[in-house]
Structure formats: structure tokens, C-alpha cells
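First the structure, then my questions, so here it is.
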Amino acid sequence: MVTVLFYTLAAITLATTVLCLTRNNPVHAVLYLVQALFALALLYFMLGAPLLAAWQVILYAGAIMVLFLFVIMLFEPPVADKRTSGRLTHWFFPVMLGGLLLACGGALIAMDPAAKASLSSYWLTPRDYGRALFERYALAVEIISLILLFAAVGAFHLGRRYRSTTKEDVS
Amino acid sequence: MGIVMSEQHLLDYMYVLVFVLVGLAAAVAQVVVSRLFSPPSIQPKTGEPYECGMDPYGSAWGIRFNITYYLYALIFLAFDVDILYLFPVAVAFDTVSGLRGVIELFLFIGILSLAIIYAWAKGVFIWTKKKPAG
Amino acid sequence: MNDVLLTIILIVIKLGLVLGTVLSLAAYMVLAERKVLARMQMRHGPNRVGPFGLLQPLADLIKLLCKEDLIPERADRWVFMLAPAISVGTALLAFAVIPFGAPLQIFGRTIELVICDLNIGLLYLFALSSLAVYGVALGGWASQSKFALLGGLRAMAQMISYELALGLAIVPVVMASKSFSLTAIVASQQSLPNALRHPLAFLIFVIAIMAESKRTPFDMPEAENELVAGYHTEYSGMRFGMFFVGEYVNLIVLGSMLTVLFLGGWHGPFLPSVGWFLIKILAVAFFFIWVRGTVPRLRYDQLMAFGWKILVPLGLLNILVTAVWLLWRG
């Protein structure tokens, strides 16, 4: 069962990534990428890292993709071809992949709600994970916070400079 | 599965599956039902976006909005990572002996607060007023 | 075989009860909101359909079903159709982890009154609330209408900002209860609800969920006097209905989050546990309606500044104070 799920999820990840790369419309590409990230999150969950799976969804799907969306909303997407927009292929892939993903997720969470079953020797409770972060990797965590600070400062700096040059913005 | 699928597992499995199925069915059903009942009446202007009765001016895609939105998304990203570190650390807070844990927490939060202070000082939270045209 | 059959029947009953309760609660929340608001404004509210207007939700449903289901010509059809489903889906899925009562003993079986007790339940809720952004963002973008796009943008920026405050308010609770499992968090409040233990976190959380649900003091994304209806300007018929139901289901979800995290969950004297849970959710909902009837809308820049300059720093400070307090108490 785990093997089947693993290969299904891997196939979904690959398919959505390929679809993401081949889309003309950037918003559709982002949606496929979000699906790929979900499949990855489910894989993490299956490999006994529930915390990592939650982070994957919260951080990548919930934060980074939202950032992408903000940028993409600035673009004008290519006009959709009227002839193809009603065709089967247009909705078949998203519905198919989304449904498969949901089914896999349901099966996975239902089979072991605590993500304990598959790699039991590597399984880590959130508590153990937090402890490791807190004790062994405390320095790394502090350094990461510094890097985040630098990144944020850099971004603000760039944003400030360009902001004064935009004229016709609507808020 | 590698392990025997016990009754408990089967039970949970059924729950989530039925939950998802019922949810999907409910979502599809209402759209289908409304298809059956709703009167289709497509006029020349029906498909146009609403712009208070005026003819739509240009496209909504590609309008330029304030970059402040983007800056908010950026600072949100930095802080989201912060929170994601705080969660496991919070769960294990009592396992770390006393003062050390508190000092680590102070350092981590202190460093990240600098990001907010910097953004504040740089005026990210101030929305620039658009100059009236002309 | 009999056992399996019994199990399946139990599942269906539990799911049917949860879904049925949540959806009808959402429908009646709409009625309650209209009634209470009307009373606060010296009106009567809907009182024609059925006794005291009790059949109004049904009439609304029929009306919405019979409305023309429009998709704007230039809209992105599939994304347009997907957006309301995301809105409802993320709200409904949240109920999978919310414990709504003490374990029941029936025929010698213990029935946990939670659908799926994930050990990262809290993060699951947090993830769903971060995904709810997609519903409004995509709805606003796909309509290809300027009002919808601006509403969607505002909603995105607002939701992500207040999500931070939400997360920061949860951290002290996790510090005290030492678990992400919602069942464990409820269990840790047996003697004293978290609202009394972490009053500041409670306050931040209440404000944050009010902003997350895009309700009145924070309803900039759909401010009707400047943005028509924000991100769902172009939606009609049942698709609009889905956004609407999603909003009220979300209100119930946020109310249950508040109940589980801060108001002691299903703990309470005398009444059965499920009763307490429902009473608490309804009290939270009433409070929200009351606020809507009382407080005027914020300006958008004030709203964002409030989130970033007040709530987030307070949340950070609160975590530090909690840490010191936990250390001092030993």
C-alpha cells in the first residue's frame, strides 16, 4: 500500500511540475505548482515527518506561492484561445490530478493519522524535533533568523527604491 | 502498508474518504441543481465585468497596484518562517533547562523584531498617497 | 462482519451529524446575524417566511438556486469555478480535527468525538487558514474585474498579515500545553481555560480571527461603498452562495478554534460536553455579530498598520513574557 501511494504521489508531483512548466498562463502554472507542493507534503508525511509536511504546506503553498501570486497578478496573461477553452483536456488534468491527490491524502492520513507507520525508526515527534532545534541546532536557528533579517532588509531596500518611481499605481 | 491494517485504521480511512466524497458531492450537486433551475438569459452585456454601469475600461489584468502589497507579502514570508520555528520550539520549551531556553528565545525573537523595526523606520507601513492627476 | 458494519454505520452517523450540524448552523447563523443586526438597528429583520422567519434560510437557498449562474466572458473559467470551492473546502476540512465533545461510551465502545485526532492538528488548522487565501485571491483575479481584483488583493494582504498575529497568539498556548494535538490542548484546560491563563494571547487571537474572517471592523476586502462586493463582485447564483456559506462555515470554524484553544473546549459543569461546545461557539458568534453591529469599518492603511505595528509586536512580547513566566514558575 505504501509503495502504491509513494509511486502515485511521485507521479502526481512529476506530472504537475511538467504541467506547471508548460502552462502559458502564469496563474495556472502557480496552481499546478501548489498541487506539486501538496504531493510533496504528502510524501513527507508518509516518510514519517508530519511536522515537515505541515511546514511545506504552510510555508510554500501558504506564503511563497502567495508572494508569487502577488507578482503574477501584475502581469497580463496571454489571452485564452476561445476554441480550446471548453475542451476536455482543459479541465481533465486539473480535476484528475486534484482528485487523485485528495484521495491519496485521505488514504494516507486515514491509514496512520500520526504518520507513525512507515519509517518507524526515523519517526520524530514534534516535541523531539523542537528539542533538537532548541538544543543541538540552537546556533543554526539563530543564524537563520539573522539571514531572514538580512533578506527582509534587502527586499525593503529594493522595494523602497522602486516604489518612488511607480506613478500610476492603484491601492 | 507494512503493518497490518487494524480496525482503527480502517475506521479513520473511511471517515476521511466519506468526508471528502460528501464534500465533493455537495459542491457538485448545488452547481448542477442551479443549472437545472436557473433561467439562462444571455444579453450582449451580460458577460461584461461590473463597472457601475459604464462600459468596462481596459482590462483588469495588468493594472498596476501599489508595491506596498508586495512588501507586506515579503515581510510576511520572513515572519512565517519565524513562527514555524517558534512552534516546535514552543512544544519543547519545557524540556530545555531554564535560563538557556529563555535566552535563546529572546535572541531569536529579538533578531526578528529588528526586521519589523527596520520596516517601520523605512516607512513600509505608510501608504504613499497618490498625487492627483495633472 | 457485524462489527465492521456497525463501524461503518457509526462513521456515517458521525459524519452526517457533523456535516449536517455545521451546514445548518451556518445557514441559521446567517438568519441570526440578520435578526440580531436588525434588532440592534431597531428593525425586525426577516420575519415573513415561517414562524419568526425561521424558514428564511430555506427561502434564500431556493432563491440562490434559481438565480442565473453567470461567468463573465473574459474571466478565466476554470479558476473562476475553482475559487468558491476552495473557499468552502478549506473551511469544511477544518472540522476533521476539531474535538467537539468528551469521549462517549455507547454499548461498551469508546467513541471519540473528533473525526481525526492528528498529532499536528493545530498546524493542520493553521495550514488550512493559510490556504484560505487562495479562495479569495483566485476569485478576485479570475473575474477579470477591477473591483474584484482590488478586493482580492486587499484580502490577500490582510489575511496574511493577520495570520501572523494568529500564529503568534497560538505559540503561548502550545508552550503551556506542550502539544499540537487539539485533544491534548482541550485536556490541558480542564481546571482553567486558557483565556484566563493567557489573556493577552486571547485578545490578539480574537482580533486576528475577526480579521481572518473578513468581518466588519476588518471587512475592507468587500467594503461595499468603494469596492461593490470585493472579490465576489462577479459571482452570482449558487457560486456566490458557496462563497457566502464558506464565510459562515469559516465563522463557525474560527469560533471552534477560539473555543478549543482559549475557552476550554468542551469542558464545563452540569451540561453534556457537546452542549457546552455548542454554547461556546454560539456565544462567540453572537459576540462577532455584536461587534459588527457596533464598530465602524477601519481604513485599509489603518487596518494593516494596526496588524503590523500593534498586534505582531504585542504577540512577540507576549511569547517572551510567557517564556519568562514559565521559567519563573518552574
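Going in written order, the chains are labelled A, B and C, and every chain counts its residues from 1.
By definition in this document, a contact is a pair of C-beta atoms (placed from the backbone, for glycine too) under 8 Å apart; a residue touches a chain by one contact, two chains touch by 3 or more.
Owing to the predicted nature of the structure, the values given are computational and were not obtained by experimental measurement.
A.B. asks: Please work out which of B-C and A-C is bridged by more C-beta pairs in contact, and write that pair.
C.D. replies: The greater number of contacts lies at B-C.
A.B. asks: Please indicate the chain closest to the centre of the assembly, with centres calculated from CA atoms only.
C.D. replies: B
A.B. asks: Cα centroid separation between chain B and chain C, in whole Å?
C.D. replies: Inter-chain centre distance comes to 14 Å.
A.B. asks: Between chain A and chain C, what distance separates the C-alpha centroids? Give it in angstrom.
C.D. replies: The computed centroid separation for chain A versus chain C comes out at 23 Å.
A.B. asks: Do you know which chain A residues sit against two or more other chains?
C.D. replies: Residue numbers touching two or more other chains: 51, 55, 58, 62-63, 66, 70, 73, 77, 109-110, 113, 126-127, 170-171.
A.B. asks: List, in ascending order, every residue of chain C touching at least 2 other chains.
C.D. replies: Residues 116, 123, 141, 149-150, 153, 156, 160, 163, 178-180, 300 of chain C touch two or more partner chains.
A.B. asks: Send over the residues of chain B in touch with two or more other chains.
C.D. replies: Residues 12, 14-16, 19, 59, 61, 63, 65, 69, 73, 75-76, 80, 87, 90-91, 93, 101, 112, 119, 127 of chain B each touch two or more of the other chains.
A.B. asks: Quick one: in the complex, what on chain A touches chain C?
C.D. replies: 25, 27-28, 31, 34, 50-51, 53-55, 57-58, 61-63, 66, 69-70, 73, 77, 80, 85, 90-91, 94, 109-110, 113-115, 125-127, 170-171
A.B. asks: Looking at the complex, which residues from chain C come into contact with chain B?
C.D. replies: Residues 3-4, 7-8, 11-12, 14-15, 19, 23, 64-75, 81, 85, 88-89, 92-93, 96, 115-116, 123, 141, 143-150, 153, 156-157, 160-161, 163-164, 167-168, 170-172, 174-175, 178-180, 228, 233-234, 237-239, 241-242, 300-301, 304-305, 308-309, 312-313, 316, 319-320, 323-324, 326-327.
A.B. asks: Quick check on the complex: what are the chain B residues that touch chain A?
C.D. replies: That would be residues 1-3, 5, 9, 12-17, 19-20, 24, 59, 61-71, 73-78, 80-82, 84-85, 87-93, 95-96, 101, 104, 107-108, 111-112, 114-115, 118-119, 122-124, 127-128, 130 of chain B.
A.B. asks: Using the touch rule from the top, collect the residues of chain C that touch chain A in their complex.
C.D. replies: Per the stated touch rule, the residues are 76-79, 82, 116-120, 123-124, 126-127, 130-131, 133-134, 137-138, 141-142, 149-150, 152-153, 156, 160, 163, 178-180, 300.
A.B. asks: If you look only at chain B, which of its residues touch chain C in the complex?
C.D. replies: Residues 7, 10-12, 14-16, 18-19, 22-23, 26-27, 30-31, 33-35, 37-41, 46-52, 56, 59-61, 63, 65, 69, 72-73, 75-76, 79-80, 83, 86-87, 90-91, 93-94, 98-99, 101-102, 105-106, 109, 112-113, 116, 119-120, 125-127 of chain B touch chain C in their complex.
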